[in-house]
Amino acid sequence: MDTSRRRFLRELGTAAVGVGCLPLLDPARWLQEAAPVDATPSTTQWAMIIDLDKCRRNDVREACMSACRREHNVPRVPDPEEAIDWIWTEEYQHAFPDQVHARTAVAWREAPVLVLCNHCTNPPCVKVCPTKATWKRETDGIVMMDMHRCIGCRYCMAACPYGARSFNWRDPRPFVERDAGDKPLSEYPTRAAGVVEKCTFCSERVRTGRPPACVEAANAVSGAEGALTFGDVTDPESDVSRILQSEPTICRRVSLGTGPNVYYRVSRAPAPATDREGA
Amino acid sequence: MTMLIAVGLVTALFLVGMLGAAAGLQWVFGVALPYLAVGMFVIGLAARVLRWANVPVPFRIPTTCGQQRSLAWIRPQRLENPPDTPSVIGRMALEILGFRSLLRNTKTVMIDGRRLTYATDLALWAGAIVMHWAMLIALIRHLRLMTNPVPGFVTLVERFDGFFEVGMPVIYLTSVAFLGALAYLLYRRLAIPEVRYISLVGDYFPLFLLLAIGGSGFWLRHVTTTDIASVKALVLGLTHFAPTVPASISPLFFGHLFLVSVLLAYFPFSKLLHMPGVFLSPTRNLANTTRISRHVNPWDYPVKVHTYAEYEDELRDKMIGAGLPVEKD
Amino acid sequence: MRDRTGIILGLGAFLLILAYPVWQALGSTADPARPALQRSVDPSGCVEDTTYMVARHQDLLNTWRTDVVRDGRRFYPATSGKEYEMSLTGTCMGCHTDSQAFCERCHAYADVTITCWSCHVAPEGL
Amino acid sequence: MATFDEPGYYDPDELVQIQRHPPVTPWMETPVDFRPGTFIYPGKPKNLHVLGLPHPHEWAVTDADWKLPQGWQQIILDGMAERLSRYRSFQLFMDICVRCGACADKCHFFIGSGDPKNMPVLRAELLRSIYRKDFTALGKVFGKLAGGRPLTEDVIKEWFYYFYQCTECRRCSVFCPYGIDTAEITMMGRELLGLLGLYVNWVIEPVANCYRFGNHLGIQPHGMVDTLEFMAGDIEEATGITVDLPINKKGAEILFFTPSGDFVADPGIYTCMAYMLLFHELGIDYTWSTYASDGGNFGLFTSHETMKRLNAKIYAEAKRLGVKWILGGECGHMWRVVHQYMNTMNGPADFLEVPTSPVTGTVFEHARSAKTVHIMEFLADVIKHGKLPLDPARNDHIRVTFHDSCNPARGMGILEEPRYVLRNVCNHFYEMPENTIREQTFCCGGGAGLGTDENMEMRLRGGLPRGNAVRYVQERYGVNQLAAMCAIDRATLVTVCDYWAPGVNVTGISELVANATVFRGEKRRTHNLRLEPIPGMADELADADAVLETRGEVGAHA
Amino acid sequence: MDGLTRVLRNRQHAIVERWCQDALAVYSSRAALVFAREQDQFANPIGHSLRTGTRAVFEALLDGADDERIRRALDDILRTRAIQQLAPSAAVEFLFHLKDVIRQELGSASNEAVCSHDLTEFMRRIDHAVLMAFDVYVAYRERLCELRINEVKRTIPWSVGRRKTG
């Protein structure tokens, strides 16, 4: 690996020869930054399966959303217009508009569904980004965000059919949850005003072999084990592959061809209305 | 040929600065020569401007580029033909800040081979104004290395200049603009035949000098980064008259600094004097008021004239013959 | 020669403005020398040697950022052969625990604005 | 062997290699090519004697030896040093040119000839190279490398050729970012040549005449009386009006002067006649002067000192005659002198009063100190107040365009006054293209003492840009007359138009005013001041009668 | 002749362009480049007249136009050249260059359809145009003399002239 240090020494040498200021830009330097070092794409594609039924429980969804907020210092901006959501709840009819019809039961129609970034196989948000601040990581299929690069143009928000992206209209720090010592709950960097953010499948956790925070939180709720399943969809032995092979699952707006990697188990009918009211 | 001489000179100077420092002469290139250069700049510039100031302006000769102030119902063009001091200040401001005269270049353009319109020929104006403004802003930015604490306006300028936050460290707009505009000015000096024909070594040299200064500065910031805090310690040592030469400064920086020293020292002996000179040009900085108030020529001296008496003496008979009145019969 | 006074005043004003760094220095009590930095709490030394770190830490951080965020790599093989986790808050600030005393002091001196701490959570102070 | 018309005669590759461009030599190594028709003859010693100028001698431009005086190099260098210490313009313009080339294609001589030394920047470099060599530190040490060159006889010849190929029109100065004025450079160059006794006769003889007789043509007092009387005769023939001829009249309100070219040469004489008629009509108490019978001042083209010596007579004569203020006719360089130099050189004119129009009562505040008013300012004011009965239809056969003369445009700024007057006396007025008028106007090619037939080729090269613009409006709008308020224009643009835009006549503005004025007591106007029949008025007398009757003009003032 | 005319007409743009550059060569190379570069009709009347003039002459030759039209086409160029620092031969020489240019253009086309007889005929037209250019040039030189005389006449004091006639 060509380390920065070696480059530093090499450049010093170049400069000493005196042609230092002729090539004003070192193309290798920029090229290196733009192109991934590991050119062979990995076959990994992280995916998630959400059990629609288990996630109708308020405490399960709340556990997921809360874990996410704490993990990533996601701010709770009071103005709903400016809310920042990585994982949140939609009504079934909005989450799956092509699954509802005139005779869909009201209970189904209004049932709460946990939604997040789909980490699409063919992500439209990536295509529109002018600075490549968002890109699909070839090593594991996560649709990543590089906050350092985001210029806040919000093209990606317009391109995403799932509304999975939020824009920081203001400095989020005052809205980040703090502990008793007035420190944020996580070391995860907060964001700055003027950038777009979204779910990253907890790439920093996944890197160290841990499941995403929401998955961990949901499975920790008693009776909700298996509400969220996370795994490599290209590995036939993984839990997600196994479930996808054996049970009926659906995806959000498949007809758009984005290839979502968040799946929903639809094994059972909706629960009685009482449950629904709590949604 | 003249261009090659200039390129050779600048390259040699850069190498002298860099290799000299690499060879352990940091005190010479980091302290002695900068002091000497600043001294030459200040004394040379002051001497030249004082020489100009001591040369009188015997006549009021503004080049008028618009309607004069005459009859009350005709609107004067004050900024093109200033009738008073505030208008002169306006005219000079336009000239110095906006390069008004270069903007005057117009070309006729024939549309459909029939209709005649005018287009402004912007290239030279744009190249010149971008180069000069970028240089001024870059100079202000450099104050961060010369002042401690750094005044707010310097940080403000840096922030606006690096607004797009491209690159790390941020690439300043003016760095790119400065080098681009210089490159254009060089290009036109080479590409336009009449300009190439009139160009002297003294025209190429400052161009290449500025290009090399800008280029090495860019390189130092973005490619071979040097320890900027040490550079600042060096510079502050100079301004505090307590010079120190920190160890960890790249020789490249001394090349950069030496070229700046050369520029400062060369300034008062070169065409770069147009900087103070533009303020003093009598065709621009005088109001067109010779008929309104008398301009005095300080060295005016009496001249031999042919007086009326001499005239009449020679022609008296003819005047009387033609029935013209005469003073003496 | 009314204008001679004006020209001399103008020249004087120009030179005075130009000499701003000098008269600021004359009237200033601030130390012109580079500020002392907080030393690492870990005596075993930094990721790379000091000369390199002083001049090029921003490059190193830049490379780390790219490696981690874009390429998903985690460890940096240092010249010494040792591997470090590429983490600003974890690795760097683990030793240099005070961003004020370590980063800000020098950056204020060189007037280089750091934007790291507007997102990254510094161990000391936020 | 293949013949010329057979294929294979030409080798295409060989053809491509033909280099027809003459080899490029750096300008310092390109000597002057004196070709008849491009330079003016030397000043005759007798004229230098009249003025007491140094080193009068006989020489010829085409001679190898110009018989320069002993120690001529020192004379030049001393002269330069003196001027560098006296004229900030000169010192500054030597120092600050950056050779950006903005001026290069602005000079009419460069446009018309393509000679690189006609670029204003290079014209100045002719002097600047000597300045660098002998007056700057870098030049003394590095010589040619710093753009310096030694002062040789060839340099003097080059100066002579190119400084008498500049009309001091100041067009380049408009475009220069530092306002570097080639007119200043040329004036210095000519002064330096003068130190060696080198003048052109077409300038120095008028100067000698003017010095002695009051006007450039050397018209003596009785000759001037004759001239004006002849004009009065023609005026009477054209209009039936008898005008007064106040000459050297003490106690008159206004002293009037105009360039002497208008006393003698067609078409200037018609402008001169127009002045007399208009003053008569307006009932102005004015006087001509024989001593100060020329407002023009070829001293401007000789040296500052000579300019002052010639100009002195105007205020002196105003004082002697006891007039209240001074009115100047249509002229170009005269107004540069009167506007920018006269008050400084020969003022203060505190014995005069602030000019006030006797016709309208308007006080000419902008001439408060110099007490001299331009005829166009005066007439514009009169017309604005409706004091002149005008019938612009009398000029309907004329389609006129206006040529801004260099000096009034760029050394004064009198742009709107003449246009206002023109629009009021002509129904068909067309402007030439925008970058050829107002402050961007092109010179006629004959200014600054170049308006002689000796250098006609050079003048026509310089006149090409102007002629080309005239031809444009001629072809586009049918323009058949060019109005110019400058005597040199009226002399040289005739030739320029005849060559580049045949069919366009040249006229003064006052002439058009007089032709459009319905004078008190005029007879039936069938002919204009040129005694040419006026279309529609002279064709058939009966028709003309009818027209006049219906307009109620006959007898209106009778 | 038709075949050649057609070929030449097809290549008219290239030929005229090349010829115009060639015609500029009489000026010092600095001036030539300026005249060639600047497109402005008023800032560069010489380049303008040369561009329009060469095109007009070539078209007239193609059409086998009468003397009058060729003369008219040549007018602007020679009017300018008559007052410039050029020998008379240098002033009209540019027409001969048209032959070279055509040879070059046809040579690179190696068009068999071009009959050498036609080419001879076209070259003869060019020769004829040279003669006419000489006429025009001389006419303008004469005009120059005439103008000079007129000017001298005008500067004879007007009153003197009047006195003689009247």
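As written, the chain order gives the labels A, B, C, D and E, with residue 1 at the start of each chain.
In this section, a contact is a pair of C-beta atoms (placed from the backbone, for glycine too) under 8 Å apart; a residue touches a chain by one contact, two chains touch by 3 or more.
Just so it is clear, the model here is predicted, and its values are computed rather than measured.
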Pair of chains joined by more contacts [C-beta pairs], B-C or B-D: B-D
Most remote chain, CA-based centroid, reference being chain B: A
Most central chain, Cα average position: B
Distance-maximising chain from chain E - centres being C-alpha averages: A
Averaged-CA centre spacing for the pair chain D and chain C, given as whole angstrom: 67
Inter-chain centre distance, chain A versus chain E - centres from mean C-alpha coordinates, in Å: 76
Chain centre separation in whole Å, for chain B relative to chain A (CA means): 56
Inter-chain centre distance, chain A versus chain C - centres from mean C-alpha coordinates, in Å: 34
Chain A residues counted as touching two or more neighbouring chains: 8
Of all residues in chain D, the ones touching two or more other chains: 24, 104-105, 116, 226, 433, 435
Multi-partner residues of chain C (each touching 2 or more other chains): 55-56, 59, 62, 115
In the complex, chain C residues that touch chain B: 1, 3-4, 7-8, 10-11, 14-15, 18, 20-22, 24-26, 28, 30-35, 51, 54-56, 58-59, 62, 106, 108-113, 115
Residues on chain B engaged by chain C in the complex (per definition of touch): 42, 45-46, 49-50, 52-54, 56-57, 143-150, 154-155, 158-159, 165, 168-169, 225-230, 232-233, 235-237, 239-242, 244, 246, 248, 250, 276, 279-280, 298
Complex contact set, residues of chain A against chain C: 1, 3-5, 8, 33, 36-38, 73, 135, 137, 139-140, 144, 146-148, 173, 183-184, 186-192, 203, 207-208
Chain D residues within the chain E interface of the complex: 5-7, 9-10, 12, 15-16, 18, 20-22, 24, 33, 35, 37-38, 104-105, 111-116, 217, 219, 223, 226-227, 230, 263-266, 269, 433, 435-436, 453, 456-457, 460-461, 464-465, 468-469, 472, 491, 494-495, 498-500
Chain D contact footprint on chain B (complex, rising order): 5, 48, 51-52, 54-61, 63-71, 73-77, 80-81, 83, 95, 99, 101-102, 104-108, 116, 118, 124, 128, 188, 192, 194-195, 197-203, 269-271, 273-274, 277-278, 280-284, 288, 290-297, 299-300, 303-308, 311-312, 314-315, 318-319, 321-325, 327
